[in-house]
Structure formats: structure tokens, C-alpha cells
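In the two assemblies presented below, chain A is common to both, partnered first by chain B and then by chain C.
On to the complex of A and B.
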């Protein structure tokens, strides 16, 4: 391994190192939560820092026979993955302590980080598949980890079964694409996927996209999401819904733009339909939920739909803006959704437990109100910028289908107001119930919630410039 | 720079009141003191720059998002200055009039201050996206002001308000984005006259923008969110809700839609004028039938907003000046009436018109000022509303005679229901023995209403005080639309 390649792999090497360290703590020490949690937190921060340094120094290049690429785009998503993992570790520490298996759980988080950071740098379809599995397999265990609740095992089981089916569909699609192109490298695939596609190529493309749709909980492949997120430990749901998901969106973007630019008319149409169905399904089901965790699960389906809308705009004059829309939306969603899940960790998952929160715990209530308003997309909070960029990307495409998608996005934004504001209403207008728990959760979670609330509020000043800096650098 | 300072001073006020100890007197005086700062700053602006608001000292242009050409661009002109001043002024009045707010006073003042940031920002924004962001910043504080501190019907009212106006402004944003993308900038000064768009493109862009603005006003078929919100709000929220918020819509019409999309708006103008007439006539008829004094004032307020739409649609100097002026005079008189309704309701314990009567004998000051407000609302000469309504009708008559005549008819209708209301509420014999004990408005209440009454009279006698400031900007709008 050359020096350059070593530097390129720095975030992955760091997460591997800490993964082993945290696992060793579990083996050699009994009262271990403090050490393992600090190590895991430091590990995620170190991954974040290494990616940030690489990004700031403008490092880029292709390694290992062109199969592993480091560019601004990949590093940006490594930041999202590591950043969200950091908050997940903070949220997990105290809970994992009670289960007595803290090091094991934290190891799972770190291996998801490893898989996701590898994933965004892959340029070879089989490498992509392996990285996805490296990120997904530990996540099954994370979802099922809470042995004290039956829902956890149930959610984990459903997630495992659908996840395995999704992986096989994905792999089948990849194999067909490989068969058609004779190579798994994206640059070679691009030569085959131009002009009129052969039926086998179309089948491969559709199967691969369906596999991704499962992973991204896009309708009609979303049905595992509510059960998995409701059952999972809060830190797992919070992390899996933002970090690995952002990475999966990133690699899908890379595959489509680098591997199949010639087939754009086909896949943008597929994305447009997926986006419309996903938005409506997510929001309409979320409206009916009384359990906040389940509501956020459907909300995450809806937000996958919004991000897929940006994919539909990857054509004509919209490409550069659409790529930026994905960059901005995934980061915006990471801060606001992570925050909302962590508040659940503090308050509880029943909508009633939010009653009167503004009186019992004004700071957390104000943060939750910010997250909810941001999820609706109210300016100047983070979610607004994501939607802004999608609409901007849609305009210059000149495609009627994309205009319909953008129209559906506007309609869905308004449709989503009642359920997000239902939480705000409960916090403000209802009398506190006796079971409103305020002392639950650690100071670390509280701290994370406040940090995320600030990031959500100042998103326009802090993260927009960063994403503008990254732009579409590195993407073909 | 001074504009930016004025816009964001209330934000500091919001943080300050949140940090203070929970003591009522301290909170009220601090809030009042902070709210006075933007008033003083805008009075200073009036005297220092009143002749020429376009100077560089008042504007600021910082690029924010380079790839989209979105910037923090603010500045003042004659179209926005009147409302900019009125927003600062009515915030002080709202804080004075907040006697009926007893719980969570801190949060109440903080919400008012955040709303003030949004309102001031809208009247100073020179960038479409910034305009939209400030427009929406008012939304959450207003939702809270109604939803937390309103009466028993507040929750459905607040959520209805939020969903309606959010839908309207989201559609408006879509229009702004389409405009900015086609013209490749969001800076208003670069977009004058259509930003190089064809007539068809302008029409397509103008339609969603007008829809969003008219929901905010609200123009009558789009007004169904309004009554519950107005009636459920605490008095001091009403001051801002009727005095400033509708003007976010009308100001957008006069300062954004018309000058930036002249050809796109033009085919809609007869309808805008027709909406104005419908507002006036519908508002008058429905006000006539209201059993509740506050609902009557609410519909009266919707009605007289129609004159702003009329003047804006006229496309000539008289009408536009009238519309810009009417924004201010409408704010003054509706704030006055809402506060007095609050005083009457607090003293007598009811707002039902049939239960009231003969109040002039027991509360001469409040009753007299209520009469003054009602006379202002019906356009009595010598008061500010007369000047602006008269100019709007004159202006629109020259362009759309039918609408002009109907609007003049509306003035008669408004005189009818307002005089009828006065007859039942403050004149006549005292209806109930209990009212013998009723006292007049107290010092705090008088402090809130007297300045409004004074300004109504002063601007009614010396309209040039405001018209001189707004004229250059109105002329600029006229040259953008190619009118005279």
C-alpha cells in the first residue's frame, strides 16, 4: 500500500482500529461502559476529523485499480456518517450500560460507520455490494439488540428478512449489469448503458434500483421501516435513518451519474415515480400515527421520497443543482431527524408523553419544536434549504414529469404540517400528564439535542457553504 | 447598516426578556424599552433620510449563496418605510396593550419580538428569497401568540391560520423560485420590469405569487382562516395581526409583484380590483350581521383592506399612493378599534353587541375613541383613512370605473353598519344595571390608544408627511409598469 492510498483510507483505518479496540474492552473488562463509550465517541470523532482534514486539504484521487475513490463528494458523506454516529454513541452509552452489553452494541455502530464510509468511495459494483452488506448486517443486530422489548426482536426479524431479500434483489441486478457490460467498474458500465438499452440491461437496472429502494425505504418497498424503527433502540433508529441512509443515497447517485449517464431518461423516470409514491405513502401513513417513533419512521419514508425527487431532476440543466440538493438534504435531514429521535429518547415515544412539555422542560420542548418545524421545511431551518434546492433543481430540467414531482413535493410539504405540528400542539397546549418523564436520559443526550437544535437553526450559515464548496466535485 | 440594526434589535429583545427573572413589572418595562429602540431608529431615519431613502447608507448587500445568487440584501424605500415604521410603532402599542396576558409573559414578549423581526425584514428585504424567509419567520410566533394565549377556541384557529397561510406562502415561494431561476438572480433591483422575462413567462410566474399574497391579505374568497384567528387572539396580538400581517401581502403586491412583473400582473389587475370591491362589500354586509363586537371589527378590517387592493390595481400615481398610504391608516384604525373592543370586553365582561349599550355615559374616553375609530373606518374627512380611501377610489375609477363606483358604494355600507354599531354599543340608555359600576379606560389602556388616535388625526390633516416620503418610490413603480 502506497503512502497516498494509506492517507486515502485514513477514515476507514481509524474506524477499523477503534472497532477492534472497543470490542477488546468488552472481552477484557467487566465494568466497561465508560471506557468503551469514550473510545467509541473518540473513534467517531477521529473519523470525522480525518475526513474533515482530507476535505479541507483538497485531497482526492483513485486507488486500488480505480475501485476506491476519494473526492469531495465522498468525504462530505463520510462527515455525515461519522457525525451522526457520534451522536448515536452519546445516546447509546447510558442505555447500553443497562443492557450490560455496551461494547458489543458500540462495536456494531462502528462497523456500520466502517461500511458506510467505505461505501461512498466505491467505484466497483461488487465492492459497492460488499460495503452495503458491511453496513447493513450489523444494523440488523442493532435493531434487535433491545432484549427487554419484544418489539425490538420483531422489528429486527422483519428488517433482517426484508433486508436479505433486498440484498439478493440488488445482487441479482448487479450481476445482470455485470453480465451485460462485462465489467463491474462504473466507468466500463457507462460504455454499455447508452442509447437503447437491451431488455436484460433494463432488467438489471430495475432490479438494482428496487434493491436500493428497499434499503432507502422507498415505497412500495418501505414496509419494514415502521416496525424496525419502532422496535429498535432509539440510538439505532436515529443513526440508521440518517447516517447509512445518506451514504446509500450517495452511492446510488454515484452509480447513476458515473455508471449510467447514458440511460438517464430511463432511470430519472423510474425515480420520479418512486419519489411521488414514496412521498404520499410516507405522509399519509404518518398522519395516522399516535406513536411518535412510528410517525418519525413514516416521516423518514416521506423524506426519502423528497430526496428521490432530487434524483428525478438529474437531467437537462438540473444536474448540478440536483447533486447539491442531495448533499444539502441528507445533511439537513441528518441534523433534524437525529435531533427528533434523541428527544424521543428523553421524553418517550407516546404522543401523550409530549403533553405540556413546554412547562416541564422548556429547553427540550423548544428544540423539539425546532426539529418539527425544520422537518416541515419552514425557513430558515435546515429542512427548508433541502426542499429549496430540489425545487430549484427541478425547474431547469424542462421535464413535465419533474414538474409534477416538484408539485407533489409542495403538496406533501403542506400535507405533513398536521402531524409534525401535532407534537408542537401537545407540547404547548395540553396539560402535562403524570407520566411525562423529564429526568430520563443522560446529560449527554440533552447536550446532543441542543447542539443539533443549533445546527438545525444555523444550517443556512454553517452547512450550506460547506456543501457549496463540495459541489459536484469528483462526480462525472 | 442602520436598517439591519433596526431589524435585528427585537431579536436581542427576545433573548433579553427570556433571560430576565419572572417578574411582571420588570418584564413589561424592559419589553417596552427594547421595543422603543426600533421606533426611535425609524423616526431618526424619517428625519435624516426622509427625502431620499434610496441612499447607500440604508442598504446592505452581502452575497449568501453564490451559486444561486441569493444574498442578504436589505434597504428601505418609500413603499416599505410607512409599514416599517408602523411595525415598530404597533409593537410598542401591542406591548402596552398586553394587559390581558397574564401567564408566560416572557414567552409572550419573546414571540412578539421574533414576529417583529420578520415583519421589519419583509418591509426592508431587497431579495426575493430573503423576503420569503422573513415572511415565514412571522408565521411561528403568530401561531404561538394565537395558539397559546388566545381564548378557548384558540387551538383549531391557530392551526387553521398556520396551514392556510403556509400553503399560500409555499405557492408564492414556488413562484419566486421560478422567477429567480428564469432571471438568474433574486436581487429585486436587478429584476425590475420583469428581469428580461417574456410576457407569457411573467404571467406564469405572477399567478402563484399573487395567489400566495392574496391568501395572506386575505382577499375574500381566500379569507376563511381569518375570523376564528382574529376573534380568538388576545387584544395585543390583534394589533399586529390586523395592523401589520395583512400588509405583508399587500406590500408584496405593491413592491414585489407589480414592479417586478408588470406584464405578468397586468392581466390579473382587473381581478385584483374586483377582489378589492368584494372585500369591501362582503366585509360590510357580514360585519352588519355580527352579534360579536370583535367579529364586527374583524370584518370591517377585512373590508377596508379592499381599498389597498383597489389602489394597487389602479396603476396610476393617485391610486398607488392611496394604496401605500392605506396600509398605514388601516393599521392605525384597526389597531385602535381592536384595543378598544378589548377594553370594553374587559370592563363589561361581554362582547355581544345586544348586551352592550349606553357605554358613553360610563366610559366617555373609551367610548369617544371607539366612535373616533369607527368614524375613521367609514372614511370621515380629517382622518387618515379618508385620505387614502379617497385616493384609492379616485385612482381605480380612472382605470376600472365599475370597480371604482362599487367601492364608493361600499363606503356607504360601512357607514351604515358602523353607525348602527355605535348606536347600539355606546349610545342609548344603559342596558344593564351592572354597567353603572363600569369604569373608563385606565392609564395603560389610554397610553395604548391615544397615540394611535393622534396619528390618525395628524396624518388625516397632514397627509404630505407620509406621501412625500413614498412619492419617489411610487414614481419608480410607475416607470417600471410604464404608467403615469
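On to the complex of A and C.
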């Protein structure tokens, strides 16, 4: 390994090192939550800092026989993964302390970080599968980790069974693509996937996209999502719905753009179809929920649909904007959804527990109102920019199907207003029911909620210039 | 030494010669289909895992066959197959732990009876 390769692997090496450290703390010390939580927090921050330094210095190149690539695009998603993991560690520390297994839980978070940061840099289909599994297998354990609630193991089992079936479907797709192209490298796959596709190539593509649809909780493969997120510890649901999911969107974008640009008419149609059903299913089911955590799980299905709408616009003149839309939307979603889940950690998951929150705890209530408004897409909050960029990307494609997808996105934004604003209504107009929530929740979680609220508000100023920079230097 | 009949000799030749790639692919696809079918219709979580193993082994057979027959693969596919076996083992290890956790709280691993959350 040359020095260059060491630098390229810096985020992964750092997360591996801290993963081992945190696990060893658990082995050698009993009263350890302070040490292991601060080690894990420092570790995620170090991953974030190393990716930020690499991005700022304009480092790029491909290593290990072209199988591992570092570019602006990959580093941007490493920032999202490490940043969301930092907030998940803060939220997990106090809770994991009560269960007595803090180091193990934090190790799982760090290994999901390792898998996701590796994933966005992979350029080899089997490497992609390995990295996806490295991120997914610990996440099953994270969902099932809360032994004090029966729902946790149940959610974990449902997530696990659908997850392993999806992994084998994904692997079969990858193997068929490997068989058709004779190589698993994306650059070689691109030579095969042009013109008219052979039936085996189409089968491979369909199986691979179905496997990814499972991982991204896109309808009709979304049914594990509400149970897994409702059962999971809040920090797990918050992290898994943003960090690894953003990385999976990133690698799907890389596979489609680098590995199959010649087959774009086929897969943009598939993506448009998936996007439309996913948006409608997510929003229509979210409308019926009384449990806020389950509502947010269906809302994460709907937001997967919005991001897939950007994938449908990856054709004609829309490619550059669509890539930027994915960059912006995943970051926007990470900020606002992480914040909403952390508020649930502070307040409680029943819709009634939000009643009158504005009187008992105005700061948290204001933050929650901001997150809900951002999830709807009210300007100038973060969610608005994501949706705006998708519409901008859809306009120059000149395809009727994409116009239908963008129309469905606007309709769904209106559909989603009642359930997001229902929370705000509860906080403003209902009488406080039980004791105030001020006693619950640690200072660290409260601090994270305020930081995320500020990020949601200032999103346009902070992230859009960064994503424009990345979009220019990276994939598109 | 007795003379081997013509047809018997042809049969023996066919047995020892390399079968065509399609043979492996068809067997792999059948294994995958049986596994998928079982994973969808069986209700016992442990049996579902066995069916998933069958799916993964079908995929692995396909992978090894491709790696052997493709001109440019250079044996890389076989090393991937070893990694896939390791991943399948890891999945099942975590899976059985979670199934045990479910069993401890409910005394059943039937996926139809584990339904505290709905809608």
C-alpha cells in the first residue's frame, strides 16, 4: 500500500481504529459509558474531520486496482454518514448506559459508519455488496438491541428476514451482471450495458434494483420500515434512516451513472415507476398513524420516493441538476429527520405527548415545528431546497414520464401537510396532558436538537454552495 | 478384457466431460427459486433462514460457474464466492441471536404470531 492509498483510506482507517478501541473499553472496564461514549463521539468527529480535510484539499484518485475511488462525491457522503453518526452517538450514550451495554451498541454504530463510508467509494460490484453487508448486518443488531421493549426484537426480526432475502436478491442480480459483462468493475460493466440489453442483463438489472429498493425502503418493498423504526431504539432509527440510506442512494447513483449510462432509458423508467408508488404509499399510510415514530417511518418511505424522483430525472439535460438534487436532498433529509427523531427521544413517541409542548418546553417545541415545516418543504428550510432542485432537474429532461413524476411530487407535498402540521397543532392548541417533558432527556440530546434546528434553518447558506462545489468536481 | 458397448462408452464420456455452463446456471436458478418460494411460504423463522441459505447457495453456484467459464474472469469470482460464504455465515449468526431474543420474550418463532405492531 502506497502512502497515497493510506491517505485515501483515512476515514475508514480512523473508524476501524475507534471501533476496536470502543470494543476493547467494553472488554476491560465495567463502568465505562463515559469513556466509550466520548471515544465513539471523538471517533465519528475524526472521521468527519478527515473526510472534510480530504474534500477541502481536493484529494481524488482511484486505488487498489481501480476498485476504490476517492472523489468529491464520495467524500461528501462520508461527511453525511459521519455527521449523522455523531448525533446518534450523543443520543445513544445515556440510553445505552441504562441497558448496561453501551460499548457494544456504540461499536455497532461505528461499524455501520465503516461500512457506509467504504460503500460510497466502491467501484466494484462485489465490493459494493460487501460494503452494503458490512453496514447492514450491524444494523439488524442495532434495531433489536433494546431488551426492555418487546417491539425491539420483533422489529429486528422483521427487518432481518426481509433484509437477508433482499441481500440474496441483490447478490443474484450482481452475479448475473458479472456473468453478462465478464467483470464486476463498473467501467467494464458500462461496455456491456449499451444498446439493446440481453434478457439476462435485464434480469440482472431488475434483481439488483429490487435489492436496492428493499434497502432504500422503496414501495412495494417498504413493509419492514415502519416496524423496524418503531421497534428500534430512537438513536438507531434516527441514524439508520439517514446515514446508511444516504450512502446507499449514493452508490446506486454511482452504479447507474458509471456502470450503466448506456441503459439509461430502461432504468430511468424503472426509477420513475418506483418513485411514484413510493411517494403515494409513504404519505397515504403516514396519514393514518397516531404513533409519531411510526409516522416518521412512513414519512421516510415518502422521502425515499422524492429522492428516487431525482433518479428518474437522470436523462437528457437534467443529469447535472439531478445529481446535485440527490446531494442536496440527502443532506437536507439527514438534518431534518435526525432532528425530528431526537425530539421524539426527548418527548415521547405518542402523538398525545406533544400536547401543549409549546407551554411546557418552548425551545424543543419550536425546533420540532421547524423540523416538521422542513419535512413538508416550506422555504427557506432545508427540505424546500431538495424539492426545488428535483423540479429544476425535471424541467430540461423533456420526458412526459418525468413531468408526471414531478407532478406526483407536488401532489404528495400537499398530501403530507396534514400529518406534519398535526404535530404542530398538538403542540400549539392542546392542553398539556401529563407531566412536563423537561425532566426527560439529556443535555447532549437537547444540544443536538438545537444544533440541527439551526442547520435546518441555515441549510441554504451552508450546504448548497458545498454541493455545487462537489457536483462540479465529482461524478457529473 | 471385455469390449465396452458403444452406447455405454458414450454415456461414460458424457459423465466425465465438463458439463455446459447452462447446466450450472439452471441448477443455480432452481436452487434460488426453491429458496425464495420457501422463504415466502414458511412461517418458522429458523426454516426461513434455511431457505435463505438455499438462495445464497444457488447464487454462489452461479457465481463459481461464471468464474470458471468466463474468459476474462481470471479466477476472481471464486474468491468472491468465499467472501459470500463468510457474509452468509455472519448474517445467520446475527439472525439466530435475534430469533433467540424473540423466542425468549414470546415463546414462539412463528412470524405470524409475532405481531405486536401493525398498520
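One rule holds for everything that comes next: the second predicted complex is superposed on the first by the 471 of 476 C-alpha atoms of A that agree within 3 Å, B and C clash if a C-alpha of one lies under 4 Å from a C-alpha of the other, contacts with A are read in each partner's own complex, and residues count from 1 in each chain.
By definition in this document, a contact is a pair of C-beta atoms (placed from the backbone, for glycine too) under 8 Å apart; a residue touches a chain by one contact, two chains touch by 3 or more.
Everything numeric in this text was worked out from a predicted model, so none of it was measured.
Novice: On chain A, which partner's contacts cover more residues, chain B's or chain C's?
Specialist: Touching more residues of chain A than the other partner does is C.
Novice: So in the superposed three-chain picture, is A:222 touching just chain B, just chain C, both, or none of them (first/second/both/neither)?
Specialist: After superposing on A, A:222 lies clear of both chain B and chain C.
Novice: When the two structures are overlaid on chain A, which partner does A:303 contact: first (chain B), second (chain C), both, or neither?
Specialist: Once the two structures are laid over each other on A, A:303 reaches no partner at all.
Novice: In the superposed arrangement, does A:379 touch chain B (first), chain C (second), both or neither?
Specialist: A:379 sits against chain B, while chain C stays out of touch.
Novice: Is A:289 touching the first partner chain B, the second partner chain C, both, or neither of them?
Specialist: A:289 sits against chain C, while chain B stays out of touch.
Novice: Is A:428 touching the first partner chain B, the second partner chain C, both, or neither of them?
Specialist: first
Novice: Is A:157 touching the first partner chain B, the second partner chain C, both, or neither of them?
Specialist: After superposition on chain A, A:157 lies in contact with chain C alone.
Novice: Inside the complex, what are the residues of chain C that reach chain A?
Specialist: 25, 32, 35-36, 39, 45, 48-49, 52, 55-56, 58-59, 62-63, 66, 70-73, 76-77, 80, 83-84, 87, 90-91, 94-95, 97-99, 101-102, 105-106, 111, 114-117, 119
Novice: Using the touch definition from the top, list the residues of chain A that touch chain B in their complex.
Specialist: 324, 373, 376, 378-380, 388, 391-392, 395-396, 406, 410, 413-414, 417-418, 421, 425, 428-429, 460, 464, 468, 471
Novice: Going by the contact rule set out above, which residues of chain A touch chain C in the complex?
Specialist: Its residues touching chain C are 126, 129-130, 133, 137, 140-141, 144, 147, 150-151, 153-158, 160-161, 164-165, 167-169, 171-172, 175-176, 178-179, 182-184, 226-227, 230-231, 285, 288-289, 294.
Novice: List the residues on chain B that touch chain A in their complex, please.
Specialist: These residues of chain B touch chain A: 64-68, 129, 132-133, 136-137, 139-140, 144, 147-148, 154-155, 159, 162-163, 166-167, 170-171, 173-174, 177-178, 181-182.
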